[in-house]
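In structure tokens below, several structures.
Okay, so subunit A shows up in both of these, paired with subunit B first and subunit C after.
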Partner chain A sequence: MNFTISRNDFYRVLQKVINVIPNKSTVDILYSVLLIAEEDQLKIIATDLEITQIAWASCNVSEQGSIAVPGKLLLDIIREMPENDLTFKIDSNLKIYIESTFGEYKLSGQNKNEFPSVPLVETEHKIELKNTVLKHMIEKTIFACSTDNLRPALTGVFCQIMEDEYRMVATDGHRLVKIITHDFENKEFTENIIIPTKALNFVARNLPAEGSQKILISENHILFELPNTKIYSRLIKDPYPDYERVIPAQNSKQMEINKEQFISSVKRVSLFSNPMTYQVKLSLKPNEINIYAQDIDFGGEANETIACKFDSDPLDIAYNANYLLDILRHLDSEEIKFLVEDEDGPGIIVPFEQEEKEEILMLIMPVRLNS
Partner chain B sequence: MTRNSNKARIHVLPENLANKIAAGEVVERPASVVKELVENAIDAEATKIIIAIEQAGKNLIQVVDNGIGMNSEDIQTAFERHATSKIQSERDLEQIETLGFRGEALPSIASVAQVEVKSRHIKDTMGSVFTLHGGKDAKLKKIAANTGTSISVKNLFFNTPARRQFLRSDNSEYQQILTVLKRFFLAYADIHFELWVNGKEVFKLPECDLGERVEKILGSASFKGMLPLNASLGGIELSGFISRPDVVRKSRGHQFLFLNGRPIISKSLHHAVFQGYSNLIGPGEFPIFCLFLEMDPTLADVNVHPTKMEVRFSNDRSLYYFFINSIQKVLSAEGVVPELYAAPSGSAVQKESSAESRPREIIDEMKNRKRSMARFSGAQLSLTYFDTSEKKENPLQDSIRTEKTTIEPPAVAMEQYKTDVQFWQVHNRYILSEIKSGIVLIDQHVAHERILYEKISKIFNDGQKSFGQKLLFPQKINLNYEDFAILKEIIDVLNKMGFSIKTFSGTTVVIDAMPTDVKVGRESQILLDIIDYYKNEPLRDFNHTEKISAAYACKNAIKSGEKLSQVEMHNLVDQLFACESPFFCPHGRPVIITIDMEELDRKFKRIP
Partner chain C sequence: MERVILHVDMDAFFAAVEQRDHPEYQGKPVIVGADPKEGSGRGVVSTCSYEARVFGVHSALPISRAYKLCPQGIYVPPNGKLYAQVSKKIFEIFYEFTDAVEPLSIDEAFLDVTGSQKLFGNGVEMAHQIKKRIIEKERISASVGVAPNKYLAKIASDLEKPDGLVVVRKDKINEFLHPLDISRLWGAGIRTQEVLRKMDIHTIGDLAAFPRDVLSSKFGKMGAHFYNLAHGIDDRPIVAGEGVKSVSNEHTFGRDVNDVEQLLQTLLWLSEKVGYRLRQKRLKGKTVHLKMRYDNFSTITRNKTLPERIDNTQTLYEISSALFNENYQRGRKIRLLGVGLSGFGKMQTEQLSLFDAQDRKSKKLDQIQDLLTNRFGKKIISRADTMPPKKKS
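Up next is the complex of A and B:
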């Protein structure tokens, strides 16, 4: 292998994939990236076995070949290199020689055969989504995913590909987000898949602001084809719970409130709540809402009343302030609607007016008072 | 033998035989002889008692006292059955204030040994010596003697070979004697005791106050870990010493209980002491205590068994709770911390002075810290996905920030704590921090366990409300029959904690709410974990609710090996020091260990 590449190109490509490298792994080779020089291109591959990312840049290849190199170390080296061309060579002992304008450097690599192979995604199932839409939907959903590895389905985002809409749903069993875009068309197939949160994070990070991207879905994998990079991810194959059934169709009590006011109030009050449970109580009264928290252990207590629009019978509901704030902060509209039935059932939060071609719904489960 | 023999078959046993039989109850082993003799000496108002033992009492037990003594007639009658100076009438039996009273001991002992009694009554001029050989061949002679009584018992069980054969090794019999004697030593600090074993002085205890006596008997190392206790309730007085929960033994050998000066064993009261420590001590650990109970003798019946160790109380239950309360009061007032003794006991003297007021200090220090942290660090709600960029929009946090920079903290003391409260996590298992006197190490798992346990206790004991986070997807779990049976036992308690579990047909259960402090990401396993724990963990002395609480606390607590953020560590420590007894987990494992600067300095040879 022998190639020459500009330091900046190399650095940019490497940076793209570097985050895929796991922080902790029992498989040592995963700390490495695979460099492949072929046909005037340098490809760099990183994987954690769940997610594989490939990025590339053009370069001057005088001899084809590939080698695995410790990723973080390589990044540190390249970062300090002068902004000129770098030449890479390897010998038969898997030594890598780097030449810069200042001198020569040598480090050890590993055989490319030890590096896990890139998953094959052979499929007819392709969809195309606008970058803005995809990015928006990812941002609105991944915060609500679960971290409980015992329920793998909930650790990913549930994506429903339908004929004229595309949905993403995330829940951890305490709150739920459902977002639908109608800016979508796909007449060929329908499919439900669960994409791991981490993969969506990488996708969001690598999405360009403009344009639209192709997404390929096979039996077990999904492939995002992005400019100068590809992200492969394994799909989560567990059954997703029947989320539609738990979203109440009709909550009779409706409150309308200014989101920013509500957020800052809840934030302030929650500082006084018990730091293990973050519990706040909302008392809905005609045209005002009272937010209350108490920390019995340390004697803290807070009580605020702000205006809202509400004309049903008064109602007290308790929530985990963190969940509530998470949800409120992920809604874009200035005014929101809060729909509840009773102190035991799910609360539904939606923007006062939905954006064009979009439907978003957030759901939060209350904290129940045991008496 | 023919059945229809005309000879009367039932007859009164000869006295000597009766005594031998009685000896089976009263004189079990050398230790019981020692006990009887010392009791007699004490009842004779002696102020100095010398005990001499040879070959663990098998050869010789001699007790010499300076009490009132006996005249020659008394000596003889003393060896008749049911002869006693200690009670006169039936009425006296209800208010026994002497140690002996049954009048069984001397004849019983005499029937199985060679006994010689020398005595002079305080009013007589001449003493007498009386010998008996296996209860027979009584001889009485007049001799010169000191006031008081000296009684020696030789060749115990010489005429009952079976008994003699069943005696244990010398060492074990000697230990038994020592146990008996220690009780007397403790009960009568105002009597001078001496113990000679095989011609060598083992104990010499001049009369002194109780504290000194306890220290001498338990050893000064243990005594340093003892806390004085004084309590009274409606004419009942309880005093003495109990050990801190970190000063424990692996056996009950260091537990002494006295009723009106009489050493007693009462299962229920021993249990009460144990309960007083509740979960501060671990399984297989026993606190050291030495407690004196003073009460109206008519309320207690000591005449349950000839050895008089067992006692029945007419107010058993109220005593039980009186004990628990008194002990809990002392322990909670102290707030005890285990220390890491890196140096051997050589440095104990120095440590004593600094250790005395320490536990409270640490709590106060940590609590003060909490206050300053909560106010100044804005107690960020870090749990998940908080967008840091948004923090600036929060007016309150901004004001806090300005306050922090412009306004001087009010008290100097606050300043001291406020600066740089740092926590480090060691191997994802322990939290390390600095305190005024050195460093403190906290076990994250047991710390959290303690916090959760107390929280649950508050729900059950103080009627605090519990909260359950409702689940969007009720979790359905199919249990096996065994687990299901256990769940049925504990389901009511769990539901009070904030769970909402319903049983369905078969062994299926559905959970639709969980306590709010179940950590995100740990929901699905917790019920099974609790069942397992409840099934397998032997939590002796825990009642049903406590056991379930402990199971919940253990299973819901942060595991060791879990990475914690700074804020999480702050929260954990804050909560821990808000606990009533932060130093031990429900099973009695220590939560906090402190290491003095002094200790460190010594390790680094900065000070000798």
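Up next is the complex of A and C:
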């Protein structure tokens, strides 16, 4: 293997894939990236066995070849290199020689055969989504995913590909987000898949602002074809709970409130809540809402009242302030609607007016005061 | 004010109850535990009378070993219901003297009697009275340790069993503590004891000669703890009322099992038992424990802490079976399974879950099952998937 590439191009490509490298793994080779030089192109591959990312840049290849190199070390080296061309060579003992204008550096690699192979995604199932739409939907959902591996399905985002809508749903059992775009068409097939959160994080990070993206879905994998990079991810195959069933069709009591006011009030009051439960109590009244928190252990207490419109008899509901704030922060509109039925049923939070071609719904479960 | 702590420990409790109710057992080796089946039995000794201890029989000894050591013993299956009744009456006696009673198990408790001395006399006098009351009321004996703290009281009660009464006075702590072997050091397991012995520390007195920082650097956090114990310092308060730290049930199979379905059924059955006990005690816990013992006696325990406290059978089963699936080495034979829950606490709030619809159903099921069990006994009802392990024939 022998190729020459500009330091900046190399650094950019390596940076794209570097975060796929796991922080902790029992499989040593995963700490490495695979460099492939072929046909005037350098490809760099990183994988944690769940997610594989490939990125590439053009370069001058005088001899084709490939080798696995410790990824974080390589990144540290390249970061310190001058902004000039770098030449990479390997010898038969898997030593890598890097030449810059300053000098020569040598480090050890591993045989390319040690490196896990890239998954094959053979499929007819392709969809296309606008970058803006996809990024928006990812940002609105992944915060609500579970981090608990005991229910693997909930650690990913549930995606429903329908004929003229595309849905993403995330829940950890305490809150739920459902977002639908109608800016979508796909007459070929319908499918439900669960994409791991980590993969969606990488996708969001690599999505350009403009254009649209092709997504390929096979039985066990999904492939995002992005400019100069491809992200493969294994799909989560556990059954997703029947989320529609837990979203109440009609919550009869509706509160309308200014989101920013609500957020800053809950934030202030929650500082006085019990640090184990973060419980805040909302007392809804026709023209105002009272937000109250108390920490019996440390004697703290806070109480605020802000304006709202509520169309029913007074009602007290308690929530975990963190869950509530998470949801409010992920809504874009200035005014929101909060729909409830009783003090231990789910609360639905939606923007006062939905964006064009979009429907978003968030749901939060209350905290019950034990008697 | 100097605290006065009593540790009351019943002597060979289960065996003593059996001997009381069966005069013909008196003076004879009584062994409460699994059926020895003439030496081929499985399971362990639960408690044995002092007469049996002479033969080398002790608690937790495999019943087959016990049978070899003492074939002439009287082997009795445990009668949990009876022991619980007797225990309740004994605890009522404790509460005559103080509210600050911390139960450690069915047959022992710590009592903080500091504030009761004006009414009942000093600690030693109260210890005598408690022992006398138990004998009068229940006709069985207890050993009591009287000391300024829990650690010393617990050691003291054990020193002159049975029917003992040992007092540790504040000015005699070192005299009492220093000659004791380091196996009496609370929190020091076999490994730590090995390390200590290598450092030529054999008695608590040897340990007390080491400065605090040396012990801290050698044993980390435990170092400071050992230092305190070696000097008889223990500030832990009596945790009155629900002193229960965990609730668990175990089952030893009549024959080792590697059939996953049967193992899972047993987990469900154990989850039902644990769930029932939790709900009876009105306890909810955060940490689910699974215990598996393979046929070669290698034992693994795994636990999972949940975001909220639970007491329902379904969740206990879901978590314990998930732990099982993650950790069980397929094909290997299992001798014992256990399910438990710990991490109890004051229930202030309960975060509700979206998928509680199922939970709500399972709560209802638990309630109905508990109701029937309370009315008709434990055998009346169980889930269809459970397989109450067949009684060994």
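What we mean here is this: the second predicted complex is superposed on the first by the 371 of 371 C-alpha atoms of A that agree within 3 Å, B and C clash if a C-alpha of one lies under 4 Å from a C-alpha of the other, contacts with A are read in each partner's own complex, and residues count from 1 in each chain.
Operating definition for what follows: a residue touches a chain if its C-beta (ideal position, glycine included) is under 8 Å from a C-beta of that chain, and two chains touch if they have at least 3 such contacts.
Small disclaimer: the values here were computed from a predicted structure and weren't measured.
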item: Clash or fit, subunit B versus subunit C on superposed subunit A; value: clash
item: Which of subunit B and subunit C A:T147 touches, first, second, both or neither; value: first
item: Partner chain in contact with A:L271 - subunit B first, subunit C second, else both or neither; value: first
item: Contacts of A:Q279 with subunit B and subunit C, given as first, second, both or neither; value: both
item: First, second, both or neither for A:K24, with subunit B first and subunit C second; value: neither
item: Partner chain in contact with A:F298 - subunit B first, subunit C second, else both or neither; value: first
item: Superposition-derived comparison: subunit B or subunit C, residues of subunit A touched; value: B
item: Partner chain(s) touched by A:K187 [first = subunit B, second = subunit C, both, neither]; value: neither
item: Touching partner for A:D326 - first (subunit B), second (subunit C), both, neither; value: first
item: Which of subunit B and subunit C A:L363 touches, first, second, both or neither; value: both
item: Offending stretch of subunit C which, after superposing on A, collides with subunit B (from 59-67, 185-193 or 239-247); value: 239-247
item: Common ground on subunit A, meaning residues reached by subunit C in one complex and by subunit B in the other; value: 148, 150, 171, 173-176, 241, 246, 276-277, 279, 318, 320, 344, 346, 363, 365-370
item: Of subunit A, residues touching subunit C in the complex; value: 148, 150, 171, 173-176, 241, 245-246, 274, 276-277, 279, 318, 320, 344, 346, 363, 365-370
item: Subunit A contact footprint on subunit B (complex, rising order); value: 370, 374, 378-379, 381, 383-387, 390, 393-396, 451, 464-473, 495-498, 500, 513, 516-517, 520-525, 571, 574-575, 578
item: Subunit C residues within the subunit A interface of the complex; value: 304, 307, 318-319, 322, 347-357
item: Contacting residues of subunit A [partner subunit B, same complex]; value: 143, 146-151, 171-176, 241, 246, 264, 267-268, 270-271, 275-279, 296-298, 300, 318, 320-322, 325-326, 329, 344, 346, 363, 365-371
